[in-house]
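Input: structures, listed below.
Next come two complexes built around chain A: one with chain B, the other with chain C.
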Partner chain A sequence: MKRILIVDDAATVRLYHRQILEAAGYKVYEAVNGIEALEKSLQQPFDLYVVDINMPKLDGYGFLRELRSQDIYQAPAIMVSTEAQTSDHQQAFAAGANAYLVKPVKPEQLLIQVKLMIGEARG
Partner chain B sequence: MTPLLEQFLSEARDFLEGIGEKLMQLEDAPGDAELMTALFRMVHTLKGNSGLFDFPEMTRVLHAGEDLMDAVRHEQVEYSQDLADRLLDAMDFVGMLCDEVEAKGSIGAHHAADSARLAESLRRLIASVDAAAAVVAVVASALPNALTETGIVVAEADLPPLVDIPESIRMDAYRQACGGVDLHWLDYTPAADCFFQGDDPFFQARGTPGFLWGSITVRQPWPALAELDAYRCVLEFHLLTTAPREQLDEYYRYVPDQVRMIPVTPLFLALPQGNRNGGPVAYENFVDKALGLLGANQLEDLVLAASNLIELSSLELWLSSALRWLLLVMELEPENRNAFAKIIESLRRQSPPKWTELLPKVTGGNPPAKTELHLSQHSLTPEEAEVMTKMLDVQREILNLPIQENWQLGRIKAVAATLTGCLMASGDVAARAGLEAATAMALEEAASLPLLAWLDQFQQTRSTASVESLVNQADVGVPVPRNLSEIQSDLSADAVRVSDVDAEAKFGRRAEDAGIGPKSLKVDQQKIDRLMNLIGEMVVSKNALPYLAGRAEDVFGVRDLSREIKAQYTVINRIAEEMQDAIMQVRMMPVSFVFQRFPRLVRDTSRKLGKEVNLVLVGEDTEADKNVIEALGDPLVHIVRNSLDHGFEQPDERRAVGKPVAGTLTIRASQESDRVVIEIQDDGKGIDPDIVKRKAYQKGIIDEATLERISDQDAINLIFAAGLSTVDVISDLSGRGVGMDVVRTAVEKVNGAISLESEIGKGTRIRLSLPLSMAVTHVMLIESAGQTFGIPMDSVLETVRVPCASISSIKQSLVTVLRGNIVPLKSINALLAIAAPPQANSDHELAVLVVRCGNEAVGLLVDDFRETVDIILKPMTGVLADIPVYAGSALMGDGSVLMVLNIKELLP
Partner chain C sequence: MALIKTQTHQPIAHDERKQARDCNSLLLELENDNPMARRWAARDLADCPAASAALVSRLQLEDDVSVREVILTTLTVMGNEVAVVGLVNCLRSEKVALRNEAIEAMKQLPDEVAPIMRGLLADADPDVRIFAVNILESLRHPEVESWLISVIDHDPELNVCATAVDLLGEVGSSASREPLLRLKARYTQVPYIQFATDLALKRISDG
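== the complex of A and B ==
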């Protein structure tokens, strides 16, 4: 079963994403900020990250930059944020995101991206 | 409710609380960047969360708040008190929406206007450097605008360009309007970046309900093609619809700030258009002839003349258009002579008829649906009565909602309007005066209590009336008046916050989880109550062990086994007691839970009154049972309001008597043995006992003899008497002193006591003393007529045995003299309607339990006293709940049920 880490400081958003992803048969883990996400990534590999931008302690950009700079398993990451500006997209990709979704994310939208990223889209 | 929605509401409340707190902190340290960032993140996250649901009203306000905080954070906008006020207002609104979502599962479309207004007022702060002025302007202009938009007054300049609409469509609209539909002109100006938000303005406009006609214009001249940004929407949509206002509001609820709706008076559509030159020469004669015919009331001739003239003219002439309108108006509004004259006049001038001159002072697209129910003495059918009972119950629920400063007045007004409607419908005109008085009082105090009291009274009289008139209607629900404690326990069904300080040690949290969020968990109160019940049962069943040990020894003669059982019992007993204590601890909450609303309350209220008051909170971490803490809330608010309103002097008055200009209000919580003590102290002008005395005498609360001999302290205590006001001018804040007797009642309901000390010129101190916990009740067991009853220890004064000889009777009542005081005696058997007489012991003494009833001591004649025990009191449920003399029941160690008496209700 593919393992996905949701990184978001809002419990409601975590629950929302968890419900969508678990319904699609993924194993879901949660982290409330970048620091915690890094710690969890060091303990076990994930197949995908779903990352919020604005979080306390270490934000989404910081987390991805840190993650990409480390010599650990490099899973794809979907950035999820309320910001719709092009500059945010660019910053996200520069930090190492593989996709960018604008909140609120529709369930099918999220699942398509997740399947694309995990490489199940064709199957 | 889905788990996701529950999670959202719970998180949203935390955030709202946090935002309020952070804003207050920012007032003291406006430059604190860290605080600012935290504040921004909360608003941001909350907005993100709300976006997951279909709550556009909420999201819009939060979005504006987020943008504003972002601007403040980047120092584009300066932090100001005004800004804090706006944000607090906006958060109160969001809080109210949360309440509504919780109650109904959705947000009513009617909040869209408020939401747009709040969002707009926040955005103005971003847009304008001269923030304060702009905000004032927005608020000032918001009301008149709302009036125009909801559709009454239309000035000429505001008229939409109806003439743009083709004549045939206008005529069709006019026909429909005369048939009774509402016409609205709609200007829809989508946001420039709407494409990025997934909006499709064209689709939105096309789908408008009742769509008759539409046009699209561009807001500013098109730029050169090279500079054109195809992703910005610069279009404006103009529509004519036949949909009612509510339907349009609902349809445009996501973008109410982008839509302007103007009700269209049907006649305004009668605008002739076409070529003004040419036409038959006869038309000038026609005007005079037509006016003459109109004056002579020969309408048929007028129609004939007009029709003839139309046939002579070509269709595209302005003249013929005007004639067509004349005929149409004559056909559909045959009574409207003025309108005919206007059109004929316009023929002469060849300018559109000036319809606005015709407009009566108040008119509109939708004539107000007058619900005039002049059905005096109309008796309700059973079905109607049932509906009314339901309506009244809903009003009660609304009144019982937690107080929301900014929406309270609106709520009260809404409830009052509904209740008035109910009275009109039932023809109960006599009750209206009472309702109006209660409403006025509620509005002055901004509290629901007066209305609740009225409602109680009204429902009681109503239920008796309905029982009388509908003896056979067994299915008509008779509303049971609910007492305050029941309401409170309903309210406290919310989640209880469980403090979990030692969690790290106890549960061995994994390192990866360390440092995440606050170390507390939210648990549904019902779960805790269940735990309480279970532990109660366990305590009871463990008490069977000593009994078992006794049997092992006496019946079966196994002493060793008996000893072992006893040893085991001590262990189980200890664990059970510790468990009970631990669960009590879980129910404990710090008083800060109630205190936290005071900084805001004091700030807002003192500003409103033009006074300066510093609030000092002491002992916020003092803990008490959740029910106690919750019962404290409303009385405290009342006391604080009273103190701010009546206690503190105006600043110049204070200066004149040499006091510091800013007053100090101290709220101090502390624990004294098994009670929580809250003191509210102000350094205001104090209470003048002479004024209180005089007032009480004038109001007939005390008689002349009492007036002469009453002590100053007793006089001050008269403040707690019902219906006393010491203030001549009733202010709009704390009202007329009725508050204090309500406060006293509320405090006494939870076994609390209230006392007051005051010194003229120095200030007033009010002291509330409440039990730490209401979960465990200490009762004394008594026996009477072979039954055992429990009596709460807090009402027991002493137990004495009185020789039968020293009991005498005065006017058929038994009395005895205890240490020089006459104590009335009541037989508990008689009070409970048990036939048996009190039993004396072998020394001819009667057992007398002296209890406190109000301020008096009363002796209860019982057969015998037994030990005191701690019990977990369970309130009576079901049919038994209506028997007030019993406070509840408890399970005893031997499995029997103990009935606990309610002394206050027992004694007449």
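== the complex of A and C ==
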């Protein structure tokens, strides 16, 4: 079972994403900020990250930059944010994101990106 | 696999003050090349209310997170108009870390932030309105629920309403029930709003 870490400070958003992903058969873990996500990532490997940008303590950009500097398995990351400017997308990719979705995300949007990132999409 | 730290977090207790501590000297120290000296200056400037503008300016330039944290704490302690306006301007910064640090600082200023909250919630920039709702998350103020209700009833931006619904699920009372139902009816095609309003309504009915 593929393991996905959701990183978001909003409990409702985490629950929403968790329900979508669990219903599709994924094992879901949660972190409430970048620091907690980094700690969990160093303890165990994940197959994918779903990461918010604006979080206290360590934001999504900071988390991905730190994650990408670590000598661990580098799973793909989908950044999910309310910010829809091109500059936000650019910053996300520069920090190490592989895809970018604008909130609020529709279940099918999230699942398509997750499958693409994990390599489960069929042509 | 050690975690790579890019910023220094030396405890202030181990720092040493080396310069004169009058307000003018402290303002000069705020520009010192040594982050430790800047951190001490930022802390001691709490006794110099006229320095709030200089602290706000420094905040925009400061790269060291530990110095930024002390500046924000000092501005929070000062709590004067210049300090609060400076914090508000941080919400418009392109620097995510600075924005989030300012949000955390403003949560500690209920009396100072409350008078400007209506303005923040009506800001032309939807991102600033979202950050204003984030500030309400732990702002201990009796108006929080009514501000959130006003947001979900009137804000035209979906994500501002979505952020407010998350919080109403935690702080909302029966007064939020009808506004939540109105929002749910307004966004029938948005699964997240349907999910979040149902969750908030359940939490409210569960008490």
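By our rule, the second predicted complex is superposed on the first by the 122 of 123 C-alpha atoms of A that agree within 3 Å, B and C clash if a C-alpha of one lies under 4 Å from a C-alpha of the other, contacts with A are read in each partner's own complex, and residues count from 1 in each chain.
In this section, a contact is a pair of C-beta atoms (placed from the backbone, for glycine too) under 8 Å apart; a residue touches a chain by one contact, two chains touch by 3 or more.
Predicted, not measured: the structure shown is a model, and the values here were computed from it.
Shared-chain residue A:107: touches chain C; no touch with chain B.
Once chain A of one complex is fitted onto chain A of the other, the partner contacts of A:94 are absent, as it touches neither chain B nor chain C.
Judged by the touch definition given at the top, the superposed model places A:32 against chain B, while chain C stays out of reach. The wider contact with chain A, measured as residues touched, comes from C rather than the other of chain B and chain C.
In the superposition on chain A, A:23 contacts neither chain B nor chain C.
In the superposed pair of complexes, A:40 makes contact with chain B only, with no contact to chain C. Once chain A of one complex is fitted onto chain A of the other, the partner contacts of A:66 are limited to chain C, with no touch recorded for chain B. In the superposition on chain A, the residues of chain A contacting both chain B and chain C are 10-13, 15-16, 19, 39, 54-56, 82, 103-104. Per the touch definition, chain B reaches chain A in the complex via residues 3-4, 7-8, 11-12, 38, 41, 44-45, 47-49, 51-52, 196-197, 512, 516-517. Chain contact summary for the complex, chain A toward chain B: residues 9-13, 15-16, 19, 32-33, 36, 39-40, 43, 54-56, 82, 84, 103-104. For chain A in complex with chain C, the residues that touch the partner chain are 10-13, 15-16, 19, 38-39, 42, 53-56, 59-62, 66, 69-72, 82-83, 87, 103-107. Residues of chain C touching chain A in their complex: 1, 3-4, 6, 94, 96-97, 99-100, 103-104, 126-127, 130-131, 134, 158-159, 162-163, 165-166, 169, 190-193, 195-196, 199-200.
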